[in-house]
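Structure first, commentary second.
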Amino acid sequence: MKDRQFWIVLGSLFVVFLIYWYLGHPMFNANRVVMFISIVAISATLLYNIRMAERGEEFYLRPIPGLKAVEEAVGRSTEMGKPVLYVPGIMDMDQVETVAGVIVLGHVAKMTARYETSLNVPVSRSIVMKAAREICRESYMIEGRPDMFHDDMVHYLTDDQFAYAAGVNGIMVREKPAACLYMGKFYAESLILAETGNSIGAIQIAGTASQAQIPFFVTACDYTLIGEEFFAASAYLSQKPELIGGVRGQDMVKAGVITIIILATLFRFLYEKWGIGFDVVKLLTVQ
Amino acid sequence: MIWKRQIPILIVAVVGAITLFGWFIDQPDIKSFVDDDATQWYDILASFAIILGALNLIKLQFQKVAKKKKGWPYSLFAIGGFFFAITAGFFIKSLDNTVVWGAHVTTEGTLSKWIFDYMFTPLSATMFSLLAFFVASASYRAFRIRNFEATLLLAAGIIIMVGRVPIGSMISSWFIMYISVLALGIGVNSWKKNKMITFGVVGIGIVIVTIAGFLTGWPIDQPGIFYLPILQEWIYFYPNVAGARAIMIGIGLGIFATSIRYILGIEKSYIGE
Amino acid sequence: MNGLTELILKIGKVDRRWIFIVLAIVVFIPILVPIGMPIRATVTTKVVYDTIENLPPNSNVLVSIEYSPSTKPENHPMAISILRHLFKNDHKVFVTCLWPDGQFMAQDALKQVAKEEFGKIYGEDYVLLGFRPGGEAVIKGIVSNIRKLYTVDVNQTKIDEIPMMEGIYKFSDFAFLFTVSAGFPGTVEWVQYASDPTGVPMSSGVTSIQVNEVMPYVQAGQMKGLLAGMPGAAEYEALIGQKGSATSGMDAQSIAHLVIVLFIILGNAAFFIERQRSRKY
């Protein structure tokens, strides 16, 4: 309610859409209007909270042990004189998890630059290699250590899943990194990586939204960021207001989703039992 | 500077917005772009980008060999394998010239197929088979009864592991009931710390189960709640799906929020900011 | 008693390589000397079987193969059993692959089942359309216009020249979809972009690890049943009455699971004994 500009723009867009709708909504797929409204509502919630955070509003974020441990892990590597191994997943930049993994890599690279620890980032895709190099180069420059950065710190191994796992395992067993960070999208190779990391005595921190792999990381790693915690990692590590605002916005949307689930269950029960109301399933089904 | 910053942000914003909102537009060209072209553009870019990765790999391996770094003989295998695969894929079709280019990769009797059957397949299977051993050692290390949640995890894990395989259907539900009575006894003992009460509970439990068993004729799969295959199905269908759905919703929101940050230009990590 | 306690404590600290050796032995022995444990089909497997059994005669069925040699022990028996069931009921089978390795797997499966077992004719009873790069874009392409995506089959024969491709233009021209999947792109993408929007029924066979990811779709009715890992493949082999590699693998898997449970129990026993001792002192 505090952000006048936001409400004026939102209100104007709403009026424009209403006029467009009543003019017959040409070229608009009317079956998907519920999804369209949902997307606009979620985006508006996120934007509102981002704007509030940028204006100085303080938001509380619960502490996530895994993210606090990232700096400890880098510190441990520095003390032991061993490198930090960072694995940004095995998928390409078209997966949002890989993007999130590369963002976290940027923060980790800042830490390794600050503590003068060597960083090893084996990647599975060429585009990820380029993006990861750019972000590492930028991080080292921001920390005032461009001399410490070299292109080969981020290097390509192979596209194949198990060949990549074999390559990373080889790096772990030969170089014995003190910290292994797995942040991105993983499949079956997750346990192979985590167990090998465990066998060399490294501190392991994993973050993934791959549902099937979360249990393996929880079992084998010291800290695991589960699902949304992983996407919120960049907000935690950077403490940038716009990112923290985004996390709060996500939580508000989640509260809305929970409310809709409860109401929809109630409506469905009333409709199917006594014919009261309307078929909420039909309304919420995406065409 | 504009090429390194503003142009990439504009491209991401425009293409992202078209791909997102194009799903709602009933116009054939936009639908074709959203459904087919957008993802195919990416695949074309990624296919050419592989050259970058391959060159990087070969450069590092050659450097290792040239400078005789630790483990350099293994790099010879990497380089050899690389050129062998390229030769098989691009230069050798088949011994006779009957096979068509393209089909030669999967046709029986060609070098590509031989590499797949006798090198790639056994190596992939070997790496995957490591999981069997690692699951065993990870479970052994991680499944400890430290607190209530860990105990629940352990119990669910054992039920699923045993219930999912044929041996689970051979274990009578009455055996599980007896185990449950003993487990109840352990729980009562930790709570009350009184041997008389513990023995009483366990004794009564065993008597009840035994009488029930005699009366019903000891059917292997009844009562269903103690039959491992039915129990594991219930765990899969209800608690597991509930947890999976909750995580899916959270992950979906996280993906949406991250994507929107990219489209709106709030997140600029892809250009190194 | 002391000796037993010390033994349990020793097992609690055992080097993991001993666990590996024990596991290797217990997996190897049942493969050499099969036990022949009875296989009991679960509800999800029965639903897949009933769905295929109740397909109208001569249906056009799309089978999508998305697995690689690494998951062959789990997925390949599923593909073989499903193909056997489809060919036994004389359905027309169209095979696509979203993974490059899937094409090799599909060729092996079709060679074994279609050619050698059933003597089916390529182009009339079954066709292998092959692999196309693009992931979800391929699924979307199949949904909208399959002929734009596949101009030739795996043997480089033009699609228009293949007799059984007559009348097949898009996904909704198929009566049923079965996908054998080991990851991405796979089952979830087929549900999201093909089966659910068009209403064409689908089932899937997945690796055990993917089951909890895919189960919400099964429970919501968006998928007709599921073959869950090697146990699911073994159950399907039992339902069609033709045992295969999945059935022979179940003995080993059963014993292996029991051994893992035993190690967990011993590990916990050691953990409790140590905890008691540390409280005592």
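Chains here go by letter, A, B and C, matching the order in which they are written, and residues are numbered from 1 within each.
In this text, contacts are C-beta pairs under 8 Å (C-beta built on N, C-alpha and C of every residue); 3 or more make two chains touch, one makes a residue touch a chain.
Just so it is clear, the structure is predicted and the values come from calculations on it, not from any experiment.
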Checklist outcome for this item: Taking each chain's centre as the mean of its CA atoms, the one lying farthest from the centre of chain A is chain C
Item to check | Between A-C and B-C, the pair joined by more C-beta contacts | outcome: B-C
Item to check | Distance-to-centre winner among chains (Cα means, whole assembly as reference) | outcome: B
Next on the checklist: Averaging over Cα atoms per chain, report the distance between chain A and chain B in Å.
Outcome noted: 18
Checklist entry - Rounded to the nearest whole Å, what is the centre-to-centre distance of chain B and chain C, using the mean of the C-alpha atoms as each centre? => result 14
Item to check | Between chain A and chain C, centroid-to-centroid distance (C-alpha), Å | outcome: 30
Checklist entry - What positions in chain B touch 2 or more of the other chains? => result 39, 124, 127-128, 135, 137, 139, 141, 244, 248
Item to check | Junction residues of chain A, two or more chains touched | outcome: 162, 188, 211
Item to check | Junction residues of chain C, two or more chains touched | outcome: 16, 68, 70-71, 212-213
Next on the checklist: Under the stated contact criterion, what part of chain A meets chain C in this complex?
Outcome noted: 91, 161-162, 187-188, 199, 211-212, 287
Item to check | Residue ranges of chain B touching chain A (in the complex, touch as defined) | outcome: 20, 23-27, 39, 42, 45-46, 49-54, 56-57, 60, 70-71, 123-124, 127-128, 130-131, 134-135, 137-139, 141-142, 244, 247-251, 253-262, 264, 266-267, 269-273
Checklist entry - For chain A, which residues are in contact with chain B within the complex? => result 27-29, 32, 35-36, 39, 42-43, 46-47, 50, 92-94, 96-97, 99-100, 102-103, 106, 123, 125-127, 129-131, 134-135, 137-138, 152, 155-160, 162-163, 165-166, 174, 188-189, 191-192, 194-195, 198, 209, 211, 214, 216, 219-220, 226-228, 230-232, 234, 242-243, 246-247, 249-250, 253-254, 257
Next on the checklist: Please output the residues of chain C touching chain B within their complex, sorted ascending.
Outcome noted: 16, 19-20, 23-24, 27, 37-40, 42-43, 68-73, 101, 103-104, 107, 133-137, 140-141, 144, 154-156, 208, 211-213, 215-216, 219, 228-229, 231, 234, 250-251, 253-261, 263-264, 267-268, 271-272
Item to check | Residues on chain C engaged by chain A in the complex (per definition of touch) | outcome: 16, 68, 70-71, 183-184, 197, 207, 209-210, 212-213
